[in-house]
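Same chain, two partners: chain A is paired with chain B first, then with chain C.
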Partner chain A sequence: MTSLLRRPELGAFAAFILTYIFFAIVTQGAGFVSVNGTAGWLNLAAELGIVAIPVGMLMISGEFDLSIGSTVGAASMVVAIATSFYGMPIWPAIGLALLIGALIGLANGMAVVRTNLPSFIVTLATNFIVIGATMGFSRLIANVTSSSIVSSDTAHAVFAARWGQANISILWWLGAAIVGGWVLSKTTFGNWVYATGGNMQAARGAGVPVERVKIILFIATGVAAAFVGVLQGVQWNSGNSTYGQGYVFQAPIVVVIGGVLLGGGYGSVAGIFLGTALFGVISTGIFYTGWNTDWIQLFLGALLALAVLANNYVRRFALTARR
Partner chain B sequence: MERRQPILELQHISKSFAGTRALDDVSLEVRPGEILCLLGDNGAGKSTLIKVMSGYHEPSSGSIRLEGEEIAFASPREARQRGIATVHQDVGSIPLMSVGRNFFLGAEPTKGVGPFRWFDEAKANEIALEQIARFGITRISDGNQLVGTMSGGERQVLAIGRAMYFGAKVLILDEPTSALGVKEASVVLRFMRQARAEGVAIVFITHNARHAMAVGDAFAVLIHGKVAARFSRGEKTREEVLNLMAGGEQMSELEEDLENIH
Partner chain C sequence: MRGFLDYLNSAARVSRRGLGAVLLAGALSLGAAPLVAMHAKAADDGPIIVVSGPLSWPFFAAVKQGFDDAAEIFDVDFQYVAVTDTANMTSDYPRLLQQAISRNPRMLLVGEFFPDGMDPLIKEATAAGIPVLIHNSGQTLWEQNGSIGFIGEDPYQMGFKAGQIQAEGGVKHGLCFNQVPGNPTVEARCTGYVDAMKEAGLETTYQTIGTGDATNPQAMLQAIKGTLQANGTIDGVYTLNAVPAMSALRAVQEVGRAGEVMIGTADLSNEVLEAIKAGDIAFAMDQQPYLQGFLSIQTAKQYLDYGLHPIGAVTTGPLVIDKSNVDKTLEVNKEFSGVRGAS
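The block that comes next holds the complex of A and B.
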């Protein structure tokens, strides 16, 4: 029981259950708990969740990535311009978009590791650079900042299939959670991620290649963001430079709500998953209550403040000696 | 009793940083099953000496011999691979990670094949607990317990036990007792005796003469980067050692002050 209380995802789990019950009661009869309502909040959570998992792992290693937002838009525009302007088939275009995501991540990682500057600032700069470059080059090449995508049946099946109201992105989210969770909690690399965020000097002293760990995680966030860009592009049949801007702060918010310590070293993929699910429940739940959706921001802000306080407490609790 | 051949020897080691001499013609040696106490005040050059011995710094002049063979460490990693382990005062454990995960950090046991290899946590926990229990830490019975819940002395034992498990022949302990209370310090000192009995050579860096006298076989006092005195167990009284550490000056008052502190 006490070991359960020490789990980093406990707070997110409790908050998720309480919030879900709250909206289930308040929206009674409006269909929030129906299959379609459930698909609704899962859809909303899924795309954010795919990015939030690597972002959370990166935060556990002690670094931020705020450039993910622009990478989503950039990837969708790469696919759009490559397929509709250059006539490239969709799959190579998708490969190119993912490669660009990886390169953005690599650039972030190298910059942070080489300069030792706070990644918060470095990736905030990258976020502006990437969206600016996406818009600038899009206009230069095709004279647009958003463009349609020429898709294919296979690409549609992989990125935009739907069952009823449920998008295939939910499956991708689950897949990302399973892979991320396994890597973080079961592999040597996962051990290194915790160690890098927990005490970088000690990790380095024990022979952990902390720079490589960080760069790999930055690449993972870049690829995940590009993946979501592709997902959204194919789903909506268009690319847009501004896709994903909401994720810049939503991703770290759900990560922290999921129990990851802001300073790194502690957290879990299960927690990040629940934090994202909670975000989905709040965002769609409010819609079902019929209240103004402006309240979502207030809810999220309050939840974030609470989570930061709770995480601090959980951390202290985890460190109290057992008798 | 015949003394064994030195395992680690420093011969006429000097080290300068931008013209400042941190170490000046230092010669020392440590033998298997022996505790060499390196005494000195802050700024005496102890940290520089540790860094030279553990491969962080290359000496400006002089030579290092490991098991009789002259050697130049390219990196701390190489020194570690050759069996020289340094455990620093802050121990370098990670409070929010478990005992088992800390113990095997950087050398994790795995199961499975190829890309589907995973960290064998059960094995890691089992060995870690076994190793610390061997050195008297039996209070911890769950390898998943976070290291942050352990006391300072227990963490030192975990870190040193870890170094020994991974084959350390020379243990360089940097102020392992100075941040600890009396009881905790005695846990670490007892542990050092046991490590010595197992044939490990220990370099014990401290500014606490009492702790040094409790376990030391050989002593060296470092002042301004020079070896000011070398002696063996029983050759000097604690007062004499304290005088040496203080630079042989302002004796009596200082002595009284120190008596009150220690």
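The block that comes next holds the complex of A and C.
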């Protein structure tokens, strides 16, 4: 029991349950709890969740990545221009997009470990550089900043298949959570991640290759962001340089809701998963209420604050209870 | 930042930083304005300077194409001045305009995107005898600041027209979906739509979303879906950009009301045009950015050479694209990428 209470995701779980019950009650009759309503918030959460999981692991290791927003848009534009302007088949184009995501991650990682500058600033700069380069090259090459994507059946099956109204992105999200959770809790690399974020000097002294840990996590984050860009692009048949800009802060927000400490060293993938689900419920459920949407950000902010407070309270309660 | 910000609903990067920043920067540059252009004058051998929108946006790429084509046809030279970094446009644009005026241009072709900072400068320029022609934004200001004319659209009228089309199409309860709340141009479109529907005695709902989600089609889909679920009587949707138009289409399909809800949108994309062709979206509205550039150069040439110019505002929008003319638009979009400001 105490080990259960000590888990970082407990607070997020409690907050999720409370929020879900709240919306189930206030949206009665609008179909929020129906199969299609559930598919709706899961679809929204899934796309954010795929990128939030590596972002969260990176945050546990003590670093931020704010360049994810532009990477999402860049990947979608790479696929769009490669397929519709150069007539490239979609799979090599997707490979190229993921490779570019990995390179952006590598560049972030190298810059952070070489310069020792805060990753918050380094990756914020990367975010501007990448969206600027995406727009510049798109205009130079094809005279556009958003463009159609020429897809194929297999690409559609992998990135945009649907069962009823549930997108395949939900499965990718679950997959990312399972892989991320396994890496973080069952492997040596996972221990290195916690050690790097907990106390970098001590970790280095104990022989943890902290630089390599960080660079690998930055690359994973870049690839995940590019993956979401491909997924959105194929799903909407269109690349757009501005896709993903909302994730820049939404991803760290759901990670923190999920119980990861902003300073690193503490957190879990299950928590991040629940934090993302909570965000999906709030930001979708609010529209099923039919309330005046002029106030929407106020509701959203208040509910997020409440969720984090509840989370924090439960966690503190759990941590004291173990003594 | 009127018509300029139209395009922000697709770009949506700057508007997110908020109206507060716009107003603040506007106020700051207003204070600086009287210092400028004190010795400016129109020089016969001076350049024609265009102060217009950032070329990273497809909309202004089309405007620029119009400038370029007309300049070639009429054998006119001009210099295009625009920001490349869109983070501080409210203060950058008055500064760019200031610099343009101080170069003693033969004529100024200006998009008056940020009236608070730009209008006093335009007044200085016209007082100094520099002919100024406004395009794209500034439709309510050009008569007072001494400009010779205006070429562009009225966002309110654009929305009003959309409301009229939906009312005539039998819509009883219309939803205006604004993905960039706080942007005055975009809000004017919704206001126009709501007014037209009200005039016809019909019900309307105005919906916005969180600012972080302005470029997330999935988030917009879920938001519209939720509103359609919460409100079963909505049978018309008007979106303000091509991306939310596609989200609205999916939302209508997901709640099982395809064919019952009439969807119309401002602005174009290939996806929207294909959906119009398939009959899923009723109409899209084009403000014809190319014409704003082309007609500006043509007017400049004829004004400088012969003293001729159109009287009053030249309206370039909205051109309504529906099933009857969508094929031609798609054809043009494929053959002349960028001219329609959509792809």
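Throughout what follows, the second predicted complex is superposed on the first by the 291 of 323 C-alpha atoms of A that agree within 3 Å, B and C clash if a C-alpha of one lies under 4 Å from a C-alpha of the other, contacts with A are read in each partner's own complex, and residues count from 1 in each chain.
Throughout what follows, a contact is a pair of C-beta atoms (placed from the backbone, for glycine too) under 8 Å apart; a residue touches a chain by one contact, two chains touch by 3 or more.
The structure displayed is predicted, hence computed values, not measured ones.
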| item | value |
| --- | --- |
| Partner chain(s) touched by A:159 [first = chain B, second = chain C, both, neither] | neither |
| Which superposed partner A:243 touches (first chain B, second chain C, both, neither) | second |
| Which superposed partner A:23 touches (first chain B, second chain C, both, neither) | neither |
| Partner chain in contact with A:172 - chain B first, chain C second, else both or neither | neither |
| Chain B versus chain C as contact partner of A:265, first or second or both or neither | first |
| Residues of chain C that touch chain A when the two form their complex | 10-13, 55-58, 61, 181, 206-219, 221-227, 229-231, 243, 246, 254-255, 269-271, 337-338, 343 |
| Chain B contact footprint on chain A (complex, rising order) | 3, 6, 182, 186-188, 190-192, 194-195, 198-199, 201-203, 205-208, 261, 265-266, 315, 318-322 |
| Contact footprint of chain C on chain A as seen in their complex | 27, 30-32, 36-37, 40-41, 43-44, 47, 73, 132, 135-136, 139, 142-148, 165, 232, 235-238, 240, 242-247, 249-250, 283-290, 293-294, 296-297, 300 |
| For the chain B and chain A complex, residues of the former touching the latter | 76-77, 80, 88, 91-97, 101, 104-108, 110, 117-119, 121, 144-146, 148-151 |
